[in-house]
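Have a look at these structures, which come just after this line.
The two complexes that follow have chain A in common; it is paired with chain B in the first and with chain C in the second.
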Partner chain A sequence: MGEISVIWKKFYSSRIFWPVAALVFFLLVNLIIKADFFTIEIKDGHLYGNIIDIIKNSIPIMLISIGLTLVIATKGIDISVGSLVAISSAVVAVMIGGNLVMVNGHQEFVTLFPMPVAILGALLVTSIAGMWNGMLVSRVGIQPIIATLILFIAGRGIAQLITTGQIVYLYYEPFFFLGSGYLFGLPFSLYIVIFVLVITMFIVRKTAIGMFIESVGINPTASRFSGINAKNIIFWCYVFCGFCSGIAGLVVCSNIKSADGNNAGLLMELDAILSVVLGGTSLSGGKFYLMGSMIGALIIQTLSVTIWSFNVPPQISLVVKAFVIYIICLLQSGKFRKGLFRIFGGKEIVS
Partner chain B sequence: MKNMFSTNNKYLSLLVTIALFILMFGAGSVMYPGFFSFQNIFNILINNSYLIIIAIGMTLVIISGGIDLSVGSLLAFSTMLAASLLENYHMSPVVVIPLVLATGSIFGCFMGCLIQYFDLPPFIITLAGLYLARGMCYVVSIDTIPITNSFFTSVAQYEIHFSPDTFISINVVIALVMILIALYLAHYTKFGRTVYAIGGNEQSALLMGLPVAQTKVLVYTFSGFCSALAGIVFTFYMLSGYALHGTGLELDTIAAVVIGGTLLTGGVGYIAGTIFGVLVFGTIQVLVTNQSLNSWWTRIAVGILIFLFCLIQRLFESGKAAGGVKTPEVSDASVKKIE
Partner chain C sequence: MPDNSKGPILEMKGINKSFPGVKALSGVDFRLFRGEVHALMGQNGAGKSTLIKVITGVNRQEAGEIRLGGKLIRPDSPLDAQRLGISTVYQEINLCPNLSVAENIYIGRQPIRFGKIDWKEMNDKSNKLLSTLNVSIDVTQLLSSYSVAIQQMVAIARVLDISAKILILDEPTSSLDENEVKLLFGVLKKLRDNGLAILFVTHFLDQAYEISDRITVLKNGNKEGEYISRDLAKVELISKMLGKELSEFSYSQKETVINTEGKKIRDSKEVLLKAENLARKGSIAPVDLDISRGEILGFAGLLGSGRTETARLLFGIDKADQGDIFIKGKKKNMNNPSNAINAGLGFCPEDRKVEGIIDQLSVRENIILALQGKKGIFKNMPMKKQQETAENLIKMLGIITTGTEQEVRRLSGGNQQKVMLARWLATDPEILILDEPTRGIDVGAKLEIMELVLNLAKKGMALLFISSEIDEVVRCSSKVEVFKDREKINELTGGDIDVNSIMHIIAGGN
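And then the complex of A and B:
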């Protein structure tokens, strides 16, 4: 009993508690509405169910928020991620090519470039875009929100330039595996997220890089004095964020089987920032929580599902989303919690 | 070198914006016959009057060191509210217009209170405000509501003529009045000076005994008011209420403010700069249309412009370390000083 309470206290005081609590809360609400919410069936060797759907739909946001968490930890922000998703989709779609070739009534899979080349091409382009962001922030010294505003606005234009303003439809089936394929019963894209997450976690937690990032976020000048190359740390965080957005773009493109420069990744930057913040990483930089961001992405998707299961018209779900954001922000605000505890006479918790 | 630029040229970025506007307009006049006319300038004003009004509110918010992402959707909500009250409830414009303005102000005040009293980041709170206002539009109606009210249609069609060919609309007059009010507020009142002080350094402002909390809430309230007024102006312009009016407007507004020379770190910026920022924005649109380029070139051009402006600002402001963001450039300077 004593041990459990110690573990509970540790968990309660950790930053991950509130995000997890919010996620559990929404899942329970769903369970109350729909008793079979957690059922997972096996069809055609794949797992099917609400939970799988939630995970599958939150994957692009998860991928983006891995990179974005690091950027936000350096006291920066990247609002161009949604546009980078559009650019990545556009590049990969154009390089694979949108031709439907029928030979003797059967579809022949043709590509303009081999698929790996197309994928690498898209990732290269978004990484270069990330370098552009990183250069502006770390070398030129432009404020992050403005530096990335440039690509936010111009990026969609560039994506449309690549696709010449049209929606490119894809017919090359092997590419669809990326976004809608299944491996060992789970969506293939989930393995991509896990792969990227594990590598990132390894790099930031098992080497000193994570600490460098945090120290740059807390005080760049002091970090510089203690011998950290703050410029390079910031630069590579933005490159990595561009790279992650590129992967998200591939998944989105392969999932909807087309590239739309205007609408791919629309409003994704807002959801991604939200999931990072919900995960406990502060917008003022410093400590970051990659797992928290993943949970944040799941919260956003679960929230949408919850709203739908209340039979609320999808358009109005924005209102509910807004209020939930307000409530979660208030719960995370130290001032609000202090006030609450004063009202209820409890002890103050220093987080 | 650096100091000479930063101390002597307080209005330099403002001058750069004005020069850019004259340059772009001049280039257009050389390239296209008939481009240079008073009516063309007036048309830019007519087509962007709502942007001017929103950008005024945004400028003050940004000078105070915050940001307001809800402006575009608050504009949409105002058009919806006005259209619905006029058409579905047949209320008089005399009641509707003050009601819409009050709603916008209350919305802004609500966000300001959350930001100030619970210490929440403006970016997130106004982002939620963006969702909230956009969602409220759909609560009113999912479809477009056309406005047939005689007052609104007559205002929309009214033209104030200077000569047979040159005229402005009522919207431009409203925008001009707002510019005057904002100039007065920003430069000749205690409120305006407090806004600049908060943007420069909130802690110092607090220690100086300035009403920081009250002013910050007021700034967001004013921005909400501007968005609602822009919504009314937009209904005069479009004669309809629609939930998709003004999508992405928040970033166009920020772009115009930045082109106008306001620093996003707060404390530095001019209302006049913002006006020219909007004019530059409008001129780009006209040029792109005249060149019969695809509309995406507007976005690319605006992106490039923001980039150039940031570069210019960095060049001239690098000595000044404005506000909270400590850039590596700044730390270089401080290293040198200590050595």
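And then the complex of A and C:
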């Protein structure tokens, strides 16, 4: 018993507690309205169900949040990630080519460039975009929100230039596996997230880079005085964020089988920022929580599902969403919780 | 000359103000007369800025009263204070650089004619106003196109036009050159002769003497005294600011040991660090210095005298305009701190909160930060090694913490300071710069740190010890460079080092 209470106490006082609690809460609410909410069926060897849908739909946001978490930890922000998703989609779609080739009434799968080349091309372009952001922030010294505003706006233009203003429809089926394929019964894109997440966590925690990112985010002057090259660290965080947005763009493009410069990744930057914040990483930089950001992405998706389950009229659903997220953010604040407990006369829980 | 006949225009009695953990002002009395320039002086943390903040309504005193022209006042915001006639021009000028001079003077009170701003009248009035301050410039130009000195005049013109009975200037000369200072003083004298009461905060001794009629000295939140400037000898003023009578420097037994030890260590002739002609415009005039193995070099001087500025050049925080730095005889470029660290230097900065600790990180992370920075990103120290390093240093320096994983911001000031020292000791530097390592910590901890400094020197480290407590510098240095007004003005060695002679050097006599 004692051991369990120690573990509970540790879990309760960790930053991950409130995000997890919020997620569990919404899942339970769904269970109450829909008794079969957690049911997972097996169809054609794939797992189907609400939970799988939630996971699958949050994958692009999860991918973006991995990079964005590091950027936010350096006291920065990147609002161009949604536009980078559009650029990545556009590049990969154009490089694969939107040709439907029929031979004797059967479709033949052809690509302009081999698929791996197209994928690498898209990731290279978004990484370069990340370098642009990183250069503006770390070398030129422009405020992050303004620096990334440039690609936030211009990025969609670039995406449309690449697709020459058209929506490129894809017919090359092997590429669709990325966003809508299944492996061992689970969406393939989930493996991509897990792969990127594990590699990132490994690099961040097994090299000194995680500590350097945090120290630069908390106190750039003191970090510089300790011999840390803050500029380089900030630069590479933006590059990595561009890279992650690129992967998200591939998944999005593969999933909707087309590249739309105007709408791919639209408003994703806001959901991604929200995921990071819900996950416990502060916008004022410093300590960061990659797992928390993943939970944050799941919360946002679950919340959307919950709002649908409640049949909230579409015209007010955004307001409801905003209100609920507001409450979650407040609950994460220790100060607010203390005040709340005092008001309701409850016992103050030592955290 | 001060007009004392009507009594002081501003009178403060028994002002108390504390912040969490510090008593910033305790029972301070202060008076200001019409037609005088009154200099407020004191070391860092003496309470100068707090006193001003109380007068201008930024902070509220916990006890005591303020009377303006005999009437009790209690300003609760700078705007409120301004309405009462108390105007302040801050060190960082708070005007709008992207508006014209005239707009800056009349912002929020533009003359209106037929519902529109009357630009002509605004410009004319601005011209007239500035000419009373002997400034003639094109008032339609952007404020940012003029020098800091002119911008300051504009700020003064603005507050005067809003009708000021009292003008407060907070370190107005810190970014001005000699001619600009003269210009400013000319204006201040004129305003004084017109009957304005001027409160002038500065840390430049000569300027205080040049412009002020009366000086109030604060020390550690207490009023040390109020003096007529021309009756107060410079040496006396310095000793008032340091809060000790010249004869009062008596040592306890432990301190005597430190004192003699400090003088002894200077046998090695191996010069580890040497600077030639090192200078940076606006921060320090060319300076030569060297430190040998096992030697403690002290920097003495008041705040802003150039001691920290020199250390920043040595450590590559600021880039020198001229001069060379040699480490063990080899010329090194110090373009950033990381160059300096790789050359074997360490630097405990003056401002612990801003330049030192990473407050949300653990004690362990704070300790290994510089070492890890030296090793680079990919040569990560294993957790076990990190903890070992941290634990050893915690034990060695006697840092009081619940463990290696305690957040460093939960530690007391003295312990945070020791964590800073630990960070640099972990990198095993050959040359260690300590800028005010004893600031804001209690007496016991101060002695501990000085003992530690001596032990490090004994082991062969070269140390640069900077402190505004002159007696500390005297006690543990075998050579002292004396700084004044951004210039190294003298060097004392061995037996010549004593508080008295340093004070006299700073005061300008010999």
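Keep in mind that, in the parts below, the second predicted complex is superposed on the first by the 338 of 351 C-alpha atoms of A that agree within 3 Å, B and C clash if a C-alpha of one lies under 4 Å from a C-alpha of the other, contacts with A are read in each partner's own complex, and residues count from 1 in each chain.
Following the convention adopted for this analysis, contacts are C-beta pairs under 8 Å (C-beta built on N, C-alpha and C of every residue); 3 or more make two chains touch, one makes a residue touch a chain.
The structure displayed is predicted, hence computed values, not measured ones.
Undergrad: State whether A:Pro116 touches chain B only (first), chain C only (second), both chains, or neither.
TA: Neither chain B nor chain C is touched by A:Pro116.
Undergrad: For A:Gly286, select first, second, both or neither according to whether it touches chain B, chain C, the two together, or no partner.
TA: So A:Gly286 only meets chain C here.
Undergrad: Which holds for A:Thr221: it touches chain B only (first), chain C only (second), both, or neither?
TA: Both partners.
Undergrad: Once chain A of both complexes is superposed, is A:Ser138 in touch with chain B (first), chain C (second), both, or neither?
TA: first
Undergrad: Which partner, chain B or chain C, is in contact with more residues of chain A?
TA: B
Undergrad: Please report the chain A residues shared by its interface with chain B and its interface with chain C.
TA: Common to the two interfaces on chain A: residues 219, 221, 224-225.
Undergrad: Taking the touch rule as given, give the residues of chain C at its contact with chain A in the complex, in rising order.
TA: Contacts found on chain C: 315, 317, 336-338, 340-342, 347, 349, 354-361, 365, 369-370, 372-381, 423.
Undergrad: Would you tell me which residues of chain A are touching chain B in their complex?
TA: The contact residues of chain A facing chain B are 75, 77, 136-147, 149-158, 160-161, 165, 219-221, 224-225, 230-231, 234, 261, 270, 273-274, 277, 283-284, 313, 315-323, 325-326, 329-330, 333-336.
Undergrad: Any idea which chain A residues touch chain C in the complex?
TA: Against chain C, chain A makes touches at 206-209, 211-212, 214-215, 218-219, 221-229, 286-287.
Undergrad: Could you please specify the touching residues of chain B with respect to chain A in the complex?
TA: Contacts found on chain B: 67, 114, 117-121, 123-125, 127-132, 134-136, 138-139, 142, 243, 251, 254-255, 258, 263-265, 294, 296-300, 302-304, 306-307, 310-311, 314, 318, 325-331, 334-335.
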